[in-house]
Amino acid sequence: MVVVMMPGVETEAVDAVVTRVEAVGGQAFVSRGVSRVIIGLIGDVETFSALDLAGMPGVAQVTRVSTEYKLVSREHHPERSVVHVRGVPIGPDTVTLIAGPCAVETPEQTLAAAQMAQAAGATMLRGGAFKPRTSPYAFQGLGEQGLRILADVRQETGLPIVTEVVSAHEVAMVAEYADMLQIGTRNMQNFALLQAIGETRVPVMLKRGMNSTIQEWLMAAEYIAQRGNLEIVLCERGIRTFETATRNTLDVSAVPVVQQLSHLPVIIDPSHSGGRRELVLPLSRAAIVAGADGIIVDVHPQPEQALCDGAQALVAKDLGVLARAVTDLTAYMGRSPARRRYRSAG
Amino acid sequence: MVVVMMPGVETEAVDAVVTRVEAVGGQAFVSRGVSRVIIGLIGDVETFSALDLAGMPGVAQVTRVSTEYKLVSREHHPERSVVHVRGVPIGPDTVTLIAGPCAVETPEQTLAAAQMAQAAGATMLRGGAFKPRTSPYAFQGLGEQGLRILADVRQETGLPIVTEVVSAHEVAMVAEYADMLQIGTRNMQNFALLQAIGETRVPVMLKRGMNSTIQEWLMAAEYIAQRGNLEIVLCERGIRTFETATRNTLDVSAVPVVQQLSHLPVIIDPSHSGGRRELVLPLSRAAIVAGADGIIVDVHPQPEQALCDGAQALVAKDLGVLARAVTDLTAYMGRSPARRRYRSAG
Amino acid sequence: MVVVMMPGVETEAVDAVVTRVEAVGGQAFVSRGVSRVIIGLIGDVETFSALDLAGMPGVAQVTRVSTEYKLVSREHHPERSVVHVRGVPIGPDTVTLIAGPCAVETPEQTLAAAQMAQAAGATMLRGGAFKPRTSPYAFQGLGEQGLRILADVRQETGLPIVTEVVSAHEVAMVAEYADMLQIGTRNMQNFALLQAIGETRVPVMLKRGMNSTIQEWLMAAEYIAQRGNLEIVLCERGIRTFETATRNTLDVSAVPVVQQLSHLPVIIDPSHSGGRRELVLPLSRAAIVAGADGIIVDVHPQPEQALCDGAQALVAKDLGVLARAVTDLTAYMGRSPARRRYRSAG
Amino acid sequence: MVVVMMPGVETEAVDAVVTRVEAVGGQAFVSRGVSRVIIGLIGDVETFSALDLAGMPGVAQVTRVSTEYKLVSREHHPERSVVHVRGVPIGPDTVTLIAGPCAVETPEQTLAAAQMAQAAGATMLRGGAFKPRTSPYAFQGLGEQGLRILADVRQETGLPIVTEVVSAHEVAMVAEYADMLQIGTRNMQNFALLQAIGETRVPVMLKRGMNSTIQEWLMAAEYIAQRGNLEIVLCERGIRTFETATRNTLDVSAVPVVQQLSHLPVIIDPSHSGGRRELVLPLSRAAIVAGADGIIVDVHPQPEQALCDGAQALVAKDLGVLARAVTDLTAYMGRSPARRRYRSAG
């Protein structure tokens, strides 16, 4: 941390800051300029934060310097990580296509969507059994019955499953079915949930809070990592802005920014960002050439009958066009499509 | 819902919309203008939402009309509600002052803060034992030990307690100590938590998500109400905007807007909104004359040693000034200070 | 400015920063900590900004310290200023009520609105002759004819006039009629306009850009001040946020924040903030007790026929209620209503 | 427009709405449902807006339906337009690379930057002579002297020039030098400037206000078009959000959204969006595959000495990499690089 003093401040004020910092075991380095005194602090940032240095006489500004996330930072882990989900890699050398229905509705609909996904080259299946919805009157998902449908479809197709978990005490149950747990945008700062998943060793996809900064997103990942689970994939899904023409605003810049700060893989969800079917293709292309390690898209055999977000689901015809774009631009970026590296029992 | 068709649209397109709406049990009323056809829909909005009407040929726009919250709406419950917390009312005839430390740290600090609060006319004590923090390295609260300290301080002072619960499976435990449960800003859409609290009959303070619209906030309250608990107090605590001069931007307009839409009481937290001690007094005054049913403020006997948000905590001297302002402006608004109406065992 | 180096950086990198800073006439003070080197810079911040220090090897972060506004800052001008508009003061000892129609439509409507305003205790008249509108198809104001109507109404009532100017080359013409020039929210960074008004000695009301930070707002005021005109009143009128229940979000905290940073008076426009008539009263009350030096409200004799923003205009009955609130709360704040101090020719 | 009445409303309230609408020459179509009455209005939307229908008894909601921009809309002009700047096309069949310094500083710097741009395949030169800056103490540009430098560099290189104009009364003067006028983000709603440029027949690049919705942006374009100038190119340059890791948040979705709504070409400025050199390449790639009709980037021979935004300027080496990406992805999109179609006098 850096403490900047007001112009013309008394020596006593400077000494008081130094004394308070040293009292909690920190070190303070004073630099005197012509019109300003600046004090650099070395020690535990959290301890310093609790000192209310900004409220001390003569202090003009207190600035935080070191990043607060450590385990997910690239600072001490320069090589970018690969997360494997039942043999499917998500990382710097590949582009992983994940597709499936927003919500699991019936065995038939889920299987049809999975087969569409697979035909288009997807190597993972998404599908929600627990749906956090703004309205309590909206369809909330099939619950554990939905998980069983997903497991059956995995048996049929071989596609590993990513599915959302919404409560800490359901983590163990969902993990019995899922290959990868998803933390949704509304739960990004549900710390009890983050910690419960951190206790497992199941890969996790952490969606960015629609109102969270990149810093807060990485801190949420740090909560998981701190408990020992580093199998984390970040997923940008649009942020809330004043613009209403799209459901959310895809922050495509988040991909290179995150990759500079963290070693974790980062993918993009173009379906929830834009909220409209016709935006999925251009946003997917943009995601891949911005360097995303994968994309996750909504598909549905009959979107007009979907119980959730039908307006953004791709149909089979769209998916073929998308698949070709993914293939071409993956190659352009010098990467390979992500394929399963070994065969597992399913 | 209202469906607006594109100019010059074919009859077939209009019929297709009507057919689809009727297929799910809805009614469709077609209004033909000179250049536009408009279709009004009567029936279940959620069902209609799933129909992807916006994606049908010839449809220009789909607009939602009816509010989605019912139990917390003022539409069918015109009189504003009063919530009682161990005999202390929060509602339209009173202004309730709630004060206490951001975090419970020690028995001494908590008791000192409670006595400061009480001397200033506060009739409820706030204090956090479970602290959701952005960083996993920040102080996370004392947990159940903190709750025991709060209960002891209630025994000593008679002040009812409001304290945060962060996880659905801890609701029962926290409710053993607390007189009112608090749902924090980061958990406003933790639906499992909302539902668990909805199952109890314990009063709850629902803080607005710092990035949530008023509509979403009322929908979150509806989740609680739907399970049978209508003892809900809403708390505005600042929203996230582009402005960085304050920690968040207090949305003071939310008070009259919410009171028009919902019968639930609404209070303001000026401490977390501004994030700076010197803003607490002007924002508290603004809150009361905007019509807030109460305010909740951070106090601390020694803010410079606080483990959490010391920069915004009031000290004893500030609190006296605040107390006078609360008294004067409560009277100006034709209300009374909230006092306990009966004596309970504590 | 403060330059923070990366951990374990080489001496060469530190020296390179120092050399570059000294090359442009600055001074650099190096502070070596255990894991970090911090360099404090003294000199011209703009010159330093142009050096791309953040792009130099080994630099982790560059932070700006000193404020960039000087003339409007309270740092060298601790006493808060009073601006007089034809004898009506706006400043720390008074609360000034400004009222009038959003747009000047006819002589009759303008006079009626002015008389309503005056009866309610307003001592200045607002009214737009040049209306910047989002749509080119919306009513754009009567132009110079509107200014003549305003001047006639001033003759009749004695109320000084504040009216908007939208283009640098019209400043002289508008200033022939107006007692105070208004810079609208969309023009807050129209620097040519700011500078043209800075060349005059006419008082100016600078509305906050609906998307501007307080820092940018004060910088815009500095543009005016730099040309020699310090007769500036700041006006908060709501900022753009994700919330759609109100037209904009009134940032009531801006009042105490600005008063801490700048000596300029600051008032609030509750009509444009909320965009709804029923919010004007609670927001006006909030404004006054937050410390605002005045309020400016829309009134209209027949709002349902208004050509601009009728939904937010007060009618005579509302205005009486507002007037009483202004009187009472002005007294509560230990201030006086603003009255003209001398009689001018009109 | 659509007027939605409250549930159980009286016939009188409905009739009153109809009467008021018909009084101003509009038509009202009443649709009665089981629980709601909906009234569709046909006629002039602006006239209706002035009626304060939302304030009438029994009215629940008023919704606008028809778009307010007409000349720039794709509704009546389905084919996407091409704008030619001294023979260089910007439109649906090409990708135009525009490059140059943020600010014109010296003849040498400008020529060097132009030659870098040309070597990389750019066919237009950008460069600012009038710089609107947040701070009045920042470098404001060389003014007309800068325009002369640009004209000399055009003579030397043949590259057409785009440069900013900041004031209505300078439009004619700047147009003597420029091939394309630029309206900067802070002036997007400077309506006097929009109208003055609308009076010319000079091509114009309209940057999106950093806080403007797409709707407002198209309305600003309509201001220009309304005066007869349809040679408009839209430029997305990042919007203001809560995220601070990038200078602004590039709204890449705006490209497909705008192309659906308007026939005008739309390009992207990746330099000002991200504000950091290392983001220019990934964001440029994303822009092209999202369908942008061009990109405009900052280059500088010695960014560390730039007087403006040096941190985001590309150097020669970066520019070569960018040029290859532009070429490859332009081909991928089935387009051609934009080349001058005829030789002009220069």
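As written, the chains take the letters A, B, C and D, and residue 1 is the first residue of each chain.
Following the convention adopted for this analysis, contacts are C-beta pairs under 8 Å (C-beta built on N, C-alpha and C of every residue); 3 or more make two chains touch, one makes a residue touch a chain.
Here the structure is a predicted model, which means the values were calculated and not measured.
Contact with chain B and chain D alike is made by A, C. Set side by side, the interfaces A-D and A-C show unequal numbers of C-beta pairs in contact, with more at A-D.
Distances between chain centres, each the mean of the C-alpha atoms, put A farthest from chain C. Rounded to a whole number, the gap between the C-alpha centres of chain C and chain D is 27 angstrom. Centre to centre, using the average C-alpha position, chain A and chain D are separated by 31 Å. A straight line joining the Cα centres of chain A and chain C is 40 Å long. For chain C, the set of residues that touch two or more other chains comprises 211, 240-242, 244. Against chain C, in their complex, chain A makes its touches with residues 2, 4, 27, 29-36, 38, 40-42, 60-61, 63, 65-66, 75, 240-242, 244. Against chain D, the residues of chain A that register as touching in their complex are 211, 213-215, 239, 241-246, 249-257, 260, 273-274, 278-279, 282-283, 285-291, 328-329, 332. If you check the complex, the residues on chain A that touch chain B are 20, 46, 49-52, 54-56, 68-69, 132-139, 166-170, 186-187, 189-192, 209-211, 216, 219, 222-223, 226, 240, 277, 303-308, 310-311.
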